[in-house]
Structure formats: C-alpha cells, structure tokens
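Same chain, two partners: chain A is paired with chain B first, then with chain C.
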Partner chain A sequence: MALRLGMCKALTVEVLTKLHTAGIVSAAEFVSRDLESLSKELHIPYKDLCSIQRVSLAENSAYPVSALALYQNALSSLAILSTGSDVLDQLLDGGLYTGEVTELAGDTVSGKTRICHWCAASTVKEGCNSVLYIDICKSFTVGILMDTMSEEAPDPQVIQSRLSRVKFLQVFDLFQLFSALEEVELCLSQQEQTPSDWKSLKLVVIENLPLLIYPNMTSSAPYNQGTLSRLGIKLKQLADSLSIAILVTNHLVGFYGQDKSDQRKAALGKVWSQVPHTRVILNRRSCGLSNFPSSSEVEAKLVKSGRQQTPCSATFCLSNGGPVCQTSKT
Partner chain B sequence: MPKQTKREESGVQLLARLGSRPDLSSLDPDIFGCQSLPSSSHTQSTPSKGKSLTSTPGHLVEIFGPEGAGKTELALHYLACTCLPQSWNDVHIGGVGAKALIIDTDFKFSVLRFAVVLEKQILALCQKESEKEKSTSCDAKPSKSFSEAEHVRSKMDSGDRNVELKGDENSRINAARTSIGDEDLKQDPDSNHIQKKRDKSRAECDPSARIQTQASTSAGNSIKLEDGKETQEEKKSGNKTLTRLSLQDLECIVHESLERVQVVKPNSVQQLFMSLLSLEITLTSDLQTALVLLDSVTAFFWEDRLAENMGNLGRVKGSAAAGGMTHVAGVVGRLVSQLGLTVIMTKAPLVRGASTSSTAAGNRKRKWRDDKDEVDSGTSHVCNASASAIVEGGVVEEDHIEFLGKAWVNLNPVRIVLTEENPIICRRGSHISSIRTWEQGSERRITSAICSSWPSKRQFTFIDDALQFV
Partner chain C sequence: MEYPCEISYGKAITTLPLNPTGLGKLLCAGLNTVPCFASLNQSILNLGTGISVKEAEQILKILCQDVKLSFHKFEQLSNIKSAMDLHLEEQKVEHIVTFCEALDSMLDGGIPLGEVTEFCGAPGTGKSQFCLQLAVNACIPKCIGGVEGETVYIDTEGSFIIDRLVDIARSAVAHCHQVSVTQGRHGQSQCDLTMEKILESIHCLYCNGYKELMAIILLLQKILSQNQKIKLVVVDNLASLFRQNLNDMNLRRLLLATLAKTLLKIAADFNVAVVLTNQMTTKIIPREGNSHLIPAIGDTWAHVQTNKVVLSVDCHGDRSALLYKASNKKETRLPFEINNDGIRDFIHSYTQVRQPP
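Up next, the complex of A and B:
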C-alpha cells in the first residue's frame, strides 16, 4: 500500500518527495493525516491532496458487495464435498463446505490422514474437480488413494484420470506454505489464462499444520501469533474468494489418558482456535497401536460448527479398505 | 486520532446533520434506546464539543465472549431485526427496514446462514403475531384445521414431496440447479430427493440439499428431514392463513432484506482502515444505513502487534504503519459519534485471562494491563476498564478481558459479555423443538449474557436455528 508514481495524476515526483520528507510513505499514513494542515505544511495544492486521497482510498479499500448478490453467488458456487464416510458426512451436515476451513484434530493414528485421503478420493470422483494436498511429512500415500478409488471404479483408466487431478506438494516451512497459497490464489484469480493445472480446484488439504507452526514458536509472541493469524486469514480468504474447501489437520494438547479425552483440545492456541469454521476432534477408542489398528473404532466429535448443535458425536470404523464404514451413531 | 476541528462542512454533511437515521430502539430498548447513551462516548471522541452531526447519536455495542458462545449469532439476530421491513402488504413484521453494513474481517459471514436467520425471524415474528390474534379473536380454529389438512397432505405425498416444494425452497433449489447446470438434477425430479443424493451423488449437486437441511435445521437422515419438512409446512401454512403471508412473500421479504445489507471483507489492517475511511464518506450521504457490524474486531489484533513490532525495529517510532487498530478505533468512534451509526462489534478473547484462569488471577492480569496502558499513554485517564468490572446494578463482568488498548477502551462501548453455561439436558416436547423428536434429549448450549444496560442477566439458546431468549 505504498504511495507510488502513476497512481494518480496529482502524485508527481515532486509531490512524492515532499511527502516522503514529511515521513509519509504508505497510503494509510497519507489518508490518516489532515489534508488541510498537510497542504499548508508541504505547500501542495489542497485539491491535489484530495484527489490523491480519493485514489488511494478507492484503490486500497475493500469493495462493499450487496448481500443479495452474495446470496445468489453462494447458491451457484457452493458445493459440499463428501468426506467419503457417511457417518462423517452426516456429522458435518453433508461434508466439507466450499468457502470454509474444516479442521480435523486428533492424536497419532486417529485416522486424520486416512480421512484426508478419503476426502481427496471422493472429491476427484466428481466432474473434473482437483485437489491440492500439502504436507510437511510424506504422509501422502498413493496406495491408500488407489485402494479407495478402486473400490468404486475398477477401471484403471478412470483411476488414472482421477489420480492425475490430485496434486501433492511438500513444503518444509511456513513460508513455503504461504507462497504455495499465494500461487494458487494468483492462478485461480486469473482463470482464463491458467493452464488446466489448478482448474476447478475444490479442495486443499493441509496436513500436520502444527509441524509447520511449532518451529516459529520460539520467537516472540507478536511474531509467532502474528504469522499464525496471518495464515488463518489467508486460508479463510482463499476459501471464501475462490470457493474452495480447506481441510486442515491438527494435533491435540492437554491431559492424556483414557478417560480424560474430553479435556484434550486442538493445538496451536487461542489464535488458531478462532480460525476454522468447523472442527472435528477424532478420538480412537482402542488405544492399541499394534493390535488390529484397522478394525478399531474412531469417535468423531464435532466441537465447533456454524450450522449445527455442537457437541455432537458419531462413531465410525476406520476399516482398511474403503470409505464405507459400518455406521453406529451414538 | 481525532481530525482537527472542521470549520466548514459540506452540503452533504449538513444534510446528514439535519437528517436522522432509522431508530433502532425496537431491537433492544435497553441498549439501543436513547436513554442509554453514555455521554462520555461522544464527548471523548468528538473534538469539538457537542458537535454530533446527526440529531440522534449512535451507539457502540461490544459483544464479548469465548469461542462458540454465540457472538456472531447474537449480532446476526440484531442485524436481521434491522434489515427486515416493518410490514409487508399490511402484514406487520416488526423489523426496522434500515440498511446495514457488515465488515467481515473474520470471513465467517455465511450469507446462506443469514438468509435462514432472516426466515426464522420472520416466522417467529409472525408466530407471535398470530398467537396474539389467536388469543383475541376466535378464528384460530379454521386455520388450525387447515394446517392439519396441509400436514396430512404433506405426509401423504411425502414420496415426491420435493417436487411439491413451494416458495422459497423450490426457487432456491431451482436457482442452485440451473446455475450448477447439473443435467441429472434438471431432468430427473427424483434425483432431487435429498436422501438419495446424500447417499449417491455428491459434491456439486449438493447445494440444494444443504439449503434444504438448513431450512429444516441440521439434519442428516430422512426421518429428520421429513419431520423438519412437516413442521415447516405446518408452520408456514399456519402463517399463511393467519397472517396472509404466502411463501412467495417470504422469499420476497428475504430478498428485499438481503438487498439492504452490504458486505465488506477487508483482509488486512490497512485495508480495514481504508475501507472504513471510504465508508465514512459514503455513509455520510447515506442516511438509510443504521447499523454497522464489525465481526470481529480482534481478527487483526496479532497481526497489528506484529506490524508494530517490526515498525519499532526498523522504522521511526510512532509511524502510522504501526498501531493500525488504533486508527481504526478512531474511525469507528467517528462513525458512532458524528455519523450517528450504531456499531456492533464482536470481540474474542485472544489473550488468556479471567475466562480460563481463576478470577483473582484474571483481575491481576487486567490490573497489569491497565497499568501498562497508563504507562504507555502517560496519563491516568484509563478508568473504563476497571470501572467495567463492576457496573451499576451489581452485575459483575468478571469474564471480560480488556486487551485491545486505550483507544478502544476510550470509545466506551456498551458491553455484552457472553458466557457459556454448562450444557444442560433438555427434554424436547414443546412445539418449537418438535423437529428434533427423534432424540429424547440432547445437550443444548445455553449462553448467558450480561450487559450493564440490562436490568438483569439474560440467557439465550438456539432452538430450531433461531435465537431465543430464555
């Protein structure tokens, strides 16, 4: 939001240097000054200042949209992506909503990654939807995806075309994540010229978010909280403006123990906790890691939602093969 | 950041000064009524004494509460009351009919959700009206029987009831359908069946299902849907006969109300500041707008802190890049005091304080913050934060944490503090919650709200997607 040449006719080199000497660099600084006194102080015509102010306000402010237009737009662009599990879909009132950030929080082996894979598989099933899968570890496994898909459609060509619409991106720190998101935004906002790479991107999965955030936690509070809240705003803005669903997985913090599972909450603190629209906490019933992990039940608890009564829970089975689970609603 | 005294005013400002904005006191007389105006709010933020531009000064309301306590819902409730019309074809609805503006810094405003809130509001208000009518006149009986017949009919053809959809749902589904261009959906009326769709075809064709479920509250299986459908039909047919409101009318009212609402989605502190400044200009000439909803004011808190920190490191201290939210506070203050707008802002507790730790520790924290503020500003002018702890009437806002800084404290908002009560088990049996009869009882969150302007604590809950005061 810097004041720069060519922004406005009145903003000549001379005026700009005058403003710079007065310590006014950004548009925000400019508009917060009183124009009359500024005009007297710097000997710039008042009218010029007024027109600069008008231009900088128009250029930098968000444009108000009528709610009716938003409403009609929402009706046309909204999609609900299935998670691939009927129980979860039911819990989430249909599935993942575009325009929203959904969070899955759970301990290790609580089924986060698997659900992410289901979501990806069921999203690419429809039309030419594509999925972007971002992770810091290499938790993305084509095998699971293939297994899930082959249950539905055994035709290898179909599977191939579906797999081609899932993109995996490995990032190593928060800033790579930021740049990846920027890239997606840039590509999608000028959709005409885009190659089919990001075309009809419907779902962005970000796995193991805390692993990206924790290295920053050593720095000062304004820094780490600031970047975290920036990430939150970025994700929500992306979801909202491009109408894509964002699925984030998070860890749990708090007391650990069999009966104290209620006290465990999603990691990353208060700032992040405001970010997701919907949060589901996954809790594995049987804690055995080695004994038949495939057959154990997972309790999904909806703790935050803008649509439904919260706390609300359902249990489903993390069976090895496909998204279809034995449903047993609690 | 007060502007220097304006010696002259433009014609637009003169008109604004002479005109007045719609009166919002019907939303909540205790808060939005004239008598509750804190006198300090406008002497402090208006530099020239007594120079309020409009004849009726506005109000600044702050809704504070932890995550999930219902801040946004409460704000949406007020917003819906503001933008609903006063009456529609001689049917009294009871809104204000004023324009409103949402500044959605949280990207959490869902317009579909708001449409549902509007609908519920209309239905609730009509219900109230019709109940009044019922008690006074005796024409309740025929309408009752009619709604019964409707009920039965809707049960009878529940098989293809989705084809039978009328009014709002139907047109909405149509809108969704045509815009998506899903051929399956267009040609085969049976695929409209929500349950089937939920099971089989997914993703793109689901909006209608979503709307359907939203209309009949969060539902998943067919029993729920059916129930919801029936009660809705029942309700609506009841309305139709009692208050002569057809479903088309309902749709029209919602559309008209939505048209009165503008949404701004700034994505950074600077953009928020700029947007508010340009809104200040447009709102001066627009006297129909009465309410501005800032949801939430804390969205950029940490980012602002970050900018401040960076500013202190590399640049001249006190430059305008830092402390963006302070400037925003200035503009908000002007909107309230000079333009006579009512501003509702929601505030989330981003710092740990009284709500999580014990009260004593929270007080200490607050005390510390006040001291820090005083030190920062060099004056001992901060009295509001400590005064807010104990307000008149003996209501103690013990859960409130002030952390936004002096500029916001000085605006002296009327504060509503929300706290979540322990979830209680309530039995469903009343006519309102009959939609959820498939469950014997369930946890329901009750939120209690404390406000200095209210005589006592209030509690509200969400029944059937509508906010209800207990």
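Up next, the complex of A and C:
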C-alpha cells in the first residue's frame, strides 16, 4: 500500500513530500523505519508519525476468523457439482467442489471440451444454477448441451430455460479474462443489483488457458511466473469468496518416453502446477492419423487431489449425446 | 484526478495491460491497487516511483480507461450471450460450400464463417486445391446460396497457381449458371457470376518468411475493417514458414500463440471464415513401437482450430478426407476427388474407367 493523502489527518501534503524526498513511498517502508530517527531527520513531529503508523498498520492487517465460523460457512455454501459422468464423479469424490479449482489436461481431441459441456449441462439441471463458459476458440457448441439435456428432459421449455442459464464469453487475451473475472466478482458482490440469472453462478469454465497466456509470455521468467501466480490467486479468491467451482482446461507438453514412463505433463510449468486443487489428465488412444479410427475410450488419471488417493485412474466412453460409461476403476 | 473508489474497489493493477518495467516500479512503490492512484498526477508519480513523466502519463491513461470501463456497468457481462441465444444464432451461420457434397454435409453445410478451419495433409493430398476451390466458391452469389464475398489469399510457398485458379473458376461459373437455370422460373439464369468477377474478388498476398506473415496477419484487422466484403481468409501454407529458419522454440511458441489469438479474434469480430493449411510430421511413441503422422508445428497449435480436416491419398491414388476435430461431430472419413473442375464428390464409376488399358 502506498502512503497517500487523506489516509490520516497527520499525513499532510507537506509531510508526504518530505517522506517522498526521503525515499519513503509505501506503507511497508514507512512502518519498517525507526520513527524517532525519522522524526529527527525530516523534522516531522514524532506524534504525527506515530499516528500515521497506527493507521497504516490498521488499514493493512487481516482480522482473525475462527475455524468454527469457517466450518459453518462451508456447510452452508459448499456444493458438489456433478460432472454428468458417474465414472468421473467417482474419481473426483463426488464431482466439482465449489470453492476449488479443478484442471483437466489433455491433448487435442481427448474430450476436454465435451467434459466441460457435460459439467455445464448437469450444473444447470438443478435449481436456478447458472454457468459461465469462457473460451478463446469457438469450441462452445450448443448441440452437445442439447443432446445431453434432451436425454432426461424431453420438455422443450425446460431445455430452453436451462440453456438460457449457460453463458458463453469469448475472450482473446489475459487482460480481458482478468477484467471479466473482476466484473463477475463485482456483479455478484452487489447483491441487490445482480441480474437475476447471475445470482446463483455455480461454475466458471475457462477453456484453453495456455492459448490465453502464451501471447503474454515474455522472455523474462519472473514476469511470466508473476502473471501465472496472479491468475492463480485471482481464480482461487473468486472460487472461495463467491463459492463457485472453477474448471480449467490445459494442454499437455513433453515427450513420449520408453515403456510406460511418459514425460507428458500439463503445460504452463511448475508455478501453475501449484494452482489447481485437483488435476485430471485425459488420455485417449486417438488415431492420429493411422488407419484405424480413434477409440472412443478415454482414460482419466487423477494426479493431484486433496481427497482421493493418487494416482488413480478410470476409463469412460466419449459418445455423441450423453455419457455412456463403463465403470472401471484401477 | 478523481476516481470513484467504490467502482473499482481494490482492483489490482497487475491485471491491467501495463508494461512490465513500469509495473515493477509501481509495485515497489506500494501502489498495487487502482484506488491508490486516486488524487495522483504524473509529477507525484514521477517523484514517488522514478517513472519518467511521459511513462507516468501513459500509465494514468490506461488506469483512467479502466475506471471508465467499469463505469459502464458490467460491460462484458451485459454483452454476454447465453446458450439459448447462440442456439438461435446457429441456424443463421453462413457456410462456404466446397462442391464436395459429402464433405459439405459432414461440416453441416460447408466451411462455417466465424470459425477457424484447418486442412492438414502430406504433400500432394490436395490442400492447396481446397484453398483455391474455396477462394472461388466464396464469391458464389447469394441467390443460389453462396456468401458472395471476397477472399484474402496469403500464399507462403508459391502454391497460388493462377492457371489452375482460372480452370476452377471457369467450371464454377458454368456450374452456378446451371444451378441458377434449374432454380429459376423462366428457365433463365438469374446469376450474373463471371470469371472476371471471381478473379477480381481474390486478393493474393505473397509472403516470404515468418516476419512477413506476422506483419500481414497483424495488418489483417485493418484490411478487413476497410473491406467489409471479405468473407474468407486463406493461409496456405502456415507450417512451412515456422518449420525453417526458426530455431528458438520459445520465440516460435510466442509467435504462434500471437498468430492464433489474432486469427481467432479476426474470425469472431468480422465473421469471416479462416482457412489454414498445415503440413504433417511424424510422432514416435517408443512404448507402442510405432509412429504416427500428426499435424505439424506443435502440440499447442493443435488446440487452436475449431474444425480440422486431414487429407490423405492411399496407394491406389484414392483421396480421402478425415474430419479429425469438430465439436459434436463424429470422426468420419469420406472419399473425394480432384478433377479438372476442382474438388468434387467421389463417383464410383470412375474406378472402373481408371482400370489400366
């Protein structure tokens, strides 16, 4: 935090300029100085400096919350959103937890987009939940949602109301993503003014995250890491404060190793790998372009989780329409 | 400068598009949220952070813009579309036909406007032929179901062969007249398509090297906003430039990501179809002991396109197209043919004709 006018009565223009000329601009710097010597050096009354210090400490410190309050809060606001596939739900110990960031990583055509659509479709099934779907590509397909929904709700009016609660936003860079997230936060925190179909936002899907981040990657590693951890903090904060589940899709990078020890891992590096609470890697025997068609079986491997044992994998089928699942957990 | 504090309550400045050095200096000075800048002007900023006055002015401008944006309540959120709106819009999406009916119906009517479609294939599988055919077909008049638009054709390896284009255009004109006659009430042709018109509507850009390509792509936004008639952007061949003279993999990733972002943005903003071609490369999986042919230029690029069609030729010379990636469509393989007229459906009787004498 910077020292600024109006923070405290003692912090007048004159005092501020004096502090600036002594090279003190932030509250942190001010607090860490010895006030007595500062008072002598800059000819500012000691009492004034004390009151400035008191204000800046009070303004910047956190206040304690009891664990009991946190627990009660969690009980009242926690929801577990189904992914729409029994196998995946079982793998994730129920589904997507609100307040957490879940990541799906996989190669192209490994079924990431489809799973995201299933999650969206099953989230809007309940109550008046709504979903925000953010992507850089135009991968959002209403057809998948309709197919999934029409399996169990043949009433067109029900489908219509569900569809209208899934929102799609196409963003083209990281800053646009940040400002969209900021708006969501602001919009939901002002309760009276929130438009009704945003009120129970339960799931935010962010697809193709690396494509949003790579254009902002400069050659300076600290800046890149800063960007990634800032995004991580933002997502976690959003998930926690608004009690929504965040689902992110990521790519895979690396080489194929000998035997079973593939070096394929989720993109965006070590810093990002700390961010998601749960990470699932999807693996599909896709044909590439050999002569046989791709198998419709996808292996989902849980590699990071706070609840389940890892690594742990399950296989499910990608089909047109709703998920047809053969449970096989290993 | 007065900022309405409650609007941008504590928004971190790190989420704004400021340059990294300036950002670093601001953060060192403890100015980490937007409200911190209330009642600051460039000279105080200069004194407090060591940022030059000019730079300080730019920073304040960006901040000011942001505050203004948040003033227009939830600008992004209120423009958001729900799946229902998109479903209604989906029926209105226009397509550019390929003249291969099987392929058109596989893609729900042709190459969709507003999306990025990629054709991949080994040399000689017909990628450039598809591009030429699409460039011609983009100007089929609206009265017989075309999009009646112009084309920007970016050629990187000299595959824009004008004689071939003329051939394709000539038979396309004939085909359109025939369709128009059968559709028309008086047995007269309603369509005024001529070969000159087709050739006039194709703007060819030749580029040599990835720097030129990047420059052209970044300029496209301007070109498209000046000429609203453009409905198709073709890049043939995207991969060739990035597979040579570019050893720095980080740079390649950065360039490709910027390219992807720009092309996606253009496709969405101007509602044009973007068609790219890509080469193939070999991926070796030691565990399985064999290798696969996969589209080139990396794993990240593979995620960019909405639709991907892989073209191949088998040992008998039969061509086939595989719809490899498309949301909500099954992976399908179907035969097609390239003859004098361009891309056409594969007709079975041809196989008998082609028997050796």
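To be clear about the criterion, the second predicted complex is superposed on the first by the 304 of 330 C-alpha atoms of A that agree within 3 Å, B and C clash if a C-alpha of one lies under 4 Å from a C-alpha of the other, contacts with A are read in each partner's own complex, and residues count from 1 in each chain.
By definition in this document, a contact is a pair of C-beta atoms (placed from the backbone, for glycine too) under 8 Å apart; a residue touches a chain by one contact, two chains touch by 3 or more.
Just so it is clear, the structure is predicted and the values come from calculations on it, not from any experiment.
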item: First, second, both or neither for A:12, with chain B first and chain C second; value: neither
item: Touching partner for A:237 - first (chain B), second (chain C), both, neither; value: first
item: Touched partner set for A:226, first chain B, second chain C, both or neither; value: both
item: Contacts of A:4 with chain B and chain C, given as first, second, both or neither; value: second
item: Partner chain(s) touched by A:168 [first = chain B, second = chain C, both, neither]; value: second
item: Partner chain(s) touched by A:29 [first = chain B, second = chain C, both, neither]; value: both
item: First (chain B), second (chain C), both or neither touched by A:184; value: second
item: First, second, both or neither for A:72, with chain B first and chain C second; value: first
item: Interface residues of chain A shared between complexes with chain B and chain C; value: 1, 25-29, 220, 223, 226, 230
item: Residues on chain B engaged by chain A in the complex (per definition of touch); value: 1, 3-4, 67-68, 72, 101-102, 106-108, 110-115, 172, 175-176, 179-180, 198-199, 202-204, 206-207, 209-211, 213-214, 218-221, 255, 258-268, 270-275, 277-279, 281, 296, 298-303, 305-309, 316, 319-321, 324, 327, 348-352, 423, 442-445, 462
item: Chain A-facing residues of chain C, complex; value: 9, 11-12, 14-17, 20, 28-32, 36, 38-40, 44, 47-49, 66, 69-70, 74-77, 80-87, 90, 114-116, 250, 253-254, 256-258, 260-261, 264-265, 267-268, 280, 283-287, 290, 292-294, 299-300, 302-306, 310, 312, 322, 324-325, 327-328, 330-331, 333
item: Chain B partner contacts - residues on chain A that touch it in the complex; value: 1, 23-29, 31-32, 34, 36-37, 56-58, 60-68, 70-72, 74-76, 78-82, 86, 89-91, 93-95, 97, 99, 122-123, 125-127, 129, 202, 220-223, 225-230, 233, 236-237, 239-240, 270-271, 273-274, 277, 303-304, 306-311
item: Chain C contact footprint on chain A (complex, rising order); value: 1-6, 20, 25-29, 107-109, 113-114, 132, 136-147, 160, 163-170, 172-173, 175-176, 178-180, 182-184, 186-187, 197-198, 208, 210-211, 214-215, 217-220, 223, 226, 230, 234, 251-253, 256-260, 262, 267, 287-290, 293-294, 320
